[in-house]
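Below are structures written as structure tokens.
The following pair of complexes shares a single chain, chain A, combined with chain B in the former and chain C in the latter.
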Partner chain A sequence: MHLTIKMEWLPVAALVILALPPMQKFLEQSMVTHMLVQIPALAVIGWFLGRALPENWGNQLAPWNRWGITGMVFAIAIMTYWMLPRALDAAVAEWYAELAKFITIPAMGIALGVSWPQLNPIAQGVLKLEFWATFMRLGWLYLDLPDRLCANYLLSDQRVLGQLLLLAGSAWAITWTLRVTFGTRIINT
Partner chain B sequence: MRTFLATLFIALAGTLILWISTDGGRAFTAEEARRLEIRENPRPVPDWQLQNQEAEPFTFQDWHGHFIVVDFIYTSCPSVCLILSSNLRNLQKDFSAAGKSDRLRFLSISFDPEKDTPQRLKEHLSHFSADFTNWMALRPTSESQKKAILDFFKVVVIPDEYGGYTHSAGYHIISPDGKLIAIFGVDEMDELRSYLNQALEDRENASDN
Partner chain C sequence: MSAAETSGKIEYSDSVNRNALIAVKAHLIAGLLVFLLMMLGGLTMRAAQGTWLEIGADLFYQIMTVHGVGVVGAAVIASTGVQWYFLRQYVRLSNGIFWTNFIIFLTGVVMILGSIFVGKYGGAWTFLYPLPAISMGAWSNGAAALFQLGVLIIGVGLLILYLDFGRAILARYGSLARALGLTQLFGKEPVDYKHPAAVVASTMVLIVNFLGIAAGAVVLVMGLINLYYPEFKPDALLMKNLIYFFGHVIINATIYASVIAVYELLPRFTGRPWKTNKPFYAAWFAIVFMVMGVYPHHLMMDFPMPSWALIAAQILSFGSGIPVMVVTGYGALMIVYRSGIKWSTTAKLLVLSMFGWGAGVVPAILDAMITVNRTFHNTLWVPGHFHFYLLIGLLPMIIGFTYYLTGEGDSKEETKTVDNLGFYAYLIGAFMTSMVFLASGANSIPRRWAAHLPEWVGYAQVGTVAASLVVIGMLFFIVRALVSLPGASNPR
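Here is the complex of A and B:
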């Protein structure tokens, strides 16, 4: 019992650590850590928070979220918003945008954690492919653009992020290929 | 049914938020947003305390009644500022050749006032063989003035990996009545020219009547 309580508080503790001003500053000084470390970490925290929520909450929500569709639409809306370059700039410059980020991204994580397992396998496949395509598209875009998208980040930063997105996308594609052709499971998704 | 309604509501709300936060799909980056905002809501320029290349004090009030084109620089800049200022030089040359320079002024404001002494500002102008009568290089007189100026123009300056700076680059147009009315990018020289021509012409016609 004691241990489970501890486990449930873990995501909250992680959230508090990420919200500490020196930690914020550290992760937001580069576009790469902002987009590939801080934001995903907030989403993962949300995912675990969602798992730790009391069961009757989930039951009450269930008729509004059959097959996880509502939750996925909610998550995708938040994802799209934080892909706007000016949203990222605002988060660096304005405290209220930063606060919004620290609320909406974990909320997105919660929605994903609750809804993804309920989602139809075909819809899961389509979305996974779309997420992968977004990685590749953005990666290519960041590598190719001659101008900076964010006023707060350097062009070199944007290029590194582009390379990393392409790399991550490619790695993802390779693990899929291995799984589809040989049934090898490198990561469990 | 409840799922359908909830999904529909979230999809609509999400689209609405995205629509509003991109100014109706017109501004996806902070740079686009600041240009659009100024076009729609020109803002009066406050009277900051600046110092020019002759170490004389300058305020925007001194050039009241002129269109002013402002760019932001630091004199040790190896890249964008050079393009910014050489474009400005071409602009100055062309407009004075067309006999339209009496209502047009140019300002290069440094955001590196510690290094950019009046002497260096002067060298910067000379480097572009600027006509000193209608082109000045300025530096803010204090750190708080510098912050106020950058905040007003929404110019973001960040240190780069070579000990210099990367910054929002553009041409900021101030109207004769002292309002920031438009911002053009470095790649929008043609638009800037026709905008200035039109503005000067309108001004001319207005003073004739």
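Here is the complex of A and C:
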């Protein structure tokens, strides 16, 4: 028997796997995997879904998303919301918040996937630096705050997350610096 | 790649060039006007310390804050004008972005002015944590926040501009290393004497300021969070490191951006080209790290600092500025020496700037020695050294470039009496201002004191006279700029 998997179905399959209750429990039992694995995975799934959308959908949306601005605003709003500790708490405690997370974050990924390439390279640069700074700020906050931010997670969890965010931010900064300094055009003109 | 390809100039349409020239003039005029106002502020502070003027301590600190942030802002915006004017000749830059930064800058200025004069913020331009949050009633949290937001906004505008620089430089040279001349320095490419100095300098400025702004973006927001959420107490020493990294890099880079005017203009006046070569590239490569590594000289009295950082800072501070200073000073001398240069005010200012920069480095290096710093830390020695190279090094570059844009540098006429008056009033005043600060510091008079003890008042009074001379000189310069600059066409 010959099995053909259409590439487009892969993200959907991944989404289903992430939504399976054991998987969900497993990733949400720690703040680190919740914020650094599950949520990014949902966003990446959205990104690929966005790439796989039928051509004419994109064309229909285009007038509403000139230069990718609407999509980015939408994505940033969702991102900001899910950075709030109480949003994470709600997702762990309430099924409807969890559902909202499983819908809005892939939607954010779709918006990013569609809009990011259309965005002016200068705006991309500003946003990249802003994302980077957010990593560092959050990492620092999680390390230094005296109290737990999430009712559902331990303080030690929060500290580990803070360290990981700072580490990731530093790695990102170093690779970015090396790339612009020693070659390979990274900014399209 | 052939020499023609690396040094060839970019063509723009006439209308784009016209608009670009207007933009550059707007940057210069805005910068010079702010400088003048801030000098009046400096004069006021000196007169208050000299007991010739009665102002409250709260007003003194507001003036000190606006003076610090104002001159740094003016230095940034004016030096950016100089840099952009020359860089766009070698890489394709966008007028729209240049104007965008200017507008964002003005917005930030309005916010900062509001925070100081309406909100009464007087915590100095260094917004050193935790001072902004503990004013003991002198200003509100909102005022401190507005100040930091204003600085943040200005940072975003600059970030946009530097991204455009980066995009354009990468588009032409492929990598920053190549734009800096590193491929030539390390023998990967033959040395191209025509590789533009403006591109090398701009790449250095772009790298350090980008990183400076990145640090600023983090530390400013952490400060803001602390203002509204005091339970969050970030590590004060880490905050101080980041703040001084940001502040030191930004103000230092202005001189490296403005020196492009020396590279581009002196050869014009003598007909001898400025040739880039390996020592030149090596110096600019070194300065990338030095400018970023020396800031701990502000932290020498912070005993918990790791001593390796302080020692590294001391060593780097010794060397900092020297490489570029030497290649630039030497190069400038070689270009001017027996060239029969016509001493227009433009040329005089540019050569003066070399002196101010070179001589100003000496007291700076002294203060960066840990043993000396033990005595001079937070005395007026510190304002002494930086007023020296800012007043006699940086400003002459900027004013010299402004004169050049009015056409004075290329004109065949004798220098005008007004220009001479302005030049010498400024020169004497600026030199005296700096020397009085240095002398005060050597006599252990502290910096940032609104009221001075009776035995210090004499210094402040001499300083006041000196300051008036600077202001008079600057007035001549400004009037000249306002009269001649708007109508001047691009010097060919």
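The rule we apply is simple: the second predicted complex is superposed on the first by the 178 of 189 C-alpha atoms of A that agree within 3 Å, B and C clash if a C-alpha of one lies under 4 Å from a C-alpha of the other, contacts with A are read in each partner's own complex, and residues count from 1 in each chain.
By definition in this document, a contact is a pair of C-beta atoms (placed from the backbone, for glycine too) under 8 Å apart; a residue touches a chain by one contact, two chains touch by 3 or more.
Since the model is a prediction, treat every value here as computed from it, not as a measurement.
> In the superposed model built on chain A, check whether chain B and chain C fit or clash.
Overlaying the two complexes on chain A (C-alpha atoms) leaves chain C and chain B fitting together cleanly.
> After the fit on chain A, how big is the angle at chain A between chain B and chain C, using C-alpha centres and going to the nearest 10 degrees?
Taking chain A as the apex, chain B and chain C sit 100 degrees apart.
> After lining up the shared chain so the two structures overlap, which partner does A:W82 touch, if you call chain B first and chain C second: first, second, both or neither?
The answer is neither, since A:W82 touches no partner chain.
> Quick check on the superposed pair: does A:T70 touch chain B, chain C, both, or neither? Answer first, second, both or neither.
In the superposition, A:T70 contacts chain B only.
> For A:D144 in the superposed arrangement: first (chain B), second (chain C), both or neither?
A:D144: touches chain C, not chain B.
> Where does A:F102 make contact in the superposed view: on chain B (first), on chain C (second), on both, or on neither?
In the superposition, A:F102 contacts neither chain B nor chain C.
> Of the two partner chains, chain B (first) and chain C (second), which one does A:A133 touch, if any: first, second, both, or neither?
Only chain C; A:A133 stays clear of chain B.
> Once the structures are superposed on A, label A:W47 by its partner contacts, choosing first (chain B), second (chain C), both or neither.
So A:W47 meets neither chain B nor chain C here.
> Working from the superposed arrangement, determine the closest approach of chain B to chain C, counting only CA atoms, in whole Å.
In the combined three-chain model, chain B comes within 10 Å of chain C at the C-alpha level.
> If you lay the two complexes on top of each other, which residues of chain A touch chain B in one and chain C in the other?
none
> Can you check the complex and tell me which residues of chain A touch chain C?
121-122, 125-126, 129-130, 132-133, 136-137, 140-141, 144-147, 173, 177, 180-187, 189
> Over in the complex, which chain B residues touch chain A? Could you list them?
Checking each residue of chain B against chain A gives 2-3, 6-7, 10-11, 13-15, 17-18, 21-22, 27-33, 156, 158, 160-161, 166, 168.
> Can you list the chain A residues touching chain B in their complex?
63-67, 69-70, 73-74, 76-78, 80-81, 84-87, 89-90, 93, 148-156
> For chain C, which residues count as touching chain A in their complex?
Listed in rising order, the residues are 97, 156, 159-160, 163-164, 166-168, 170-171, 174-178, 207, 211, 213-214, 217-218, 221-222, 225, 231-235.
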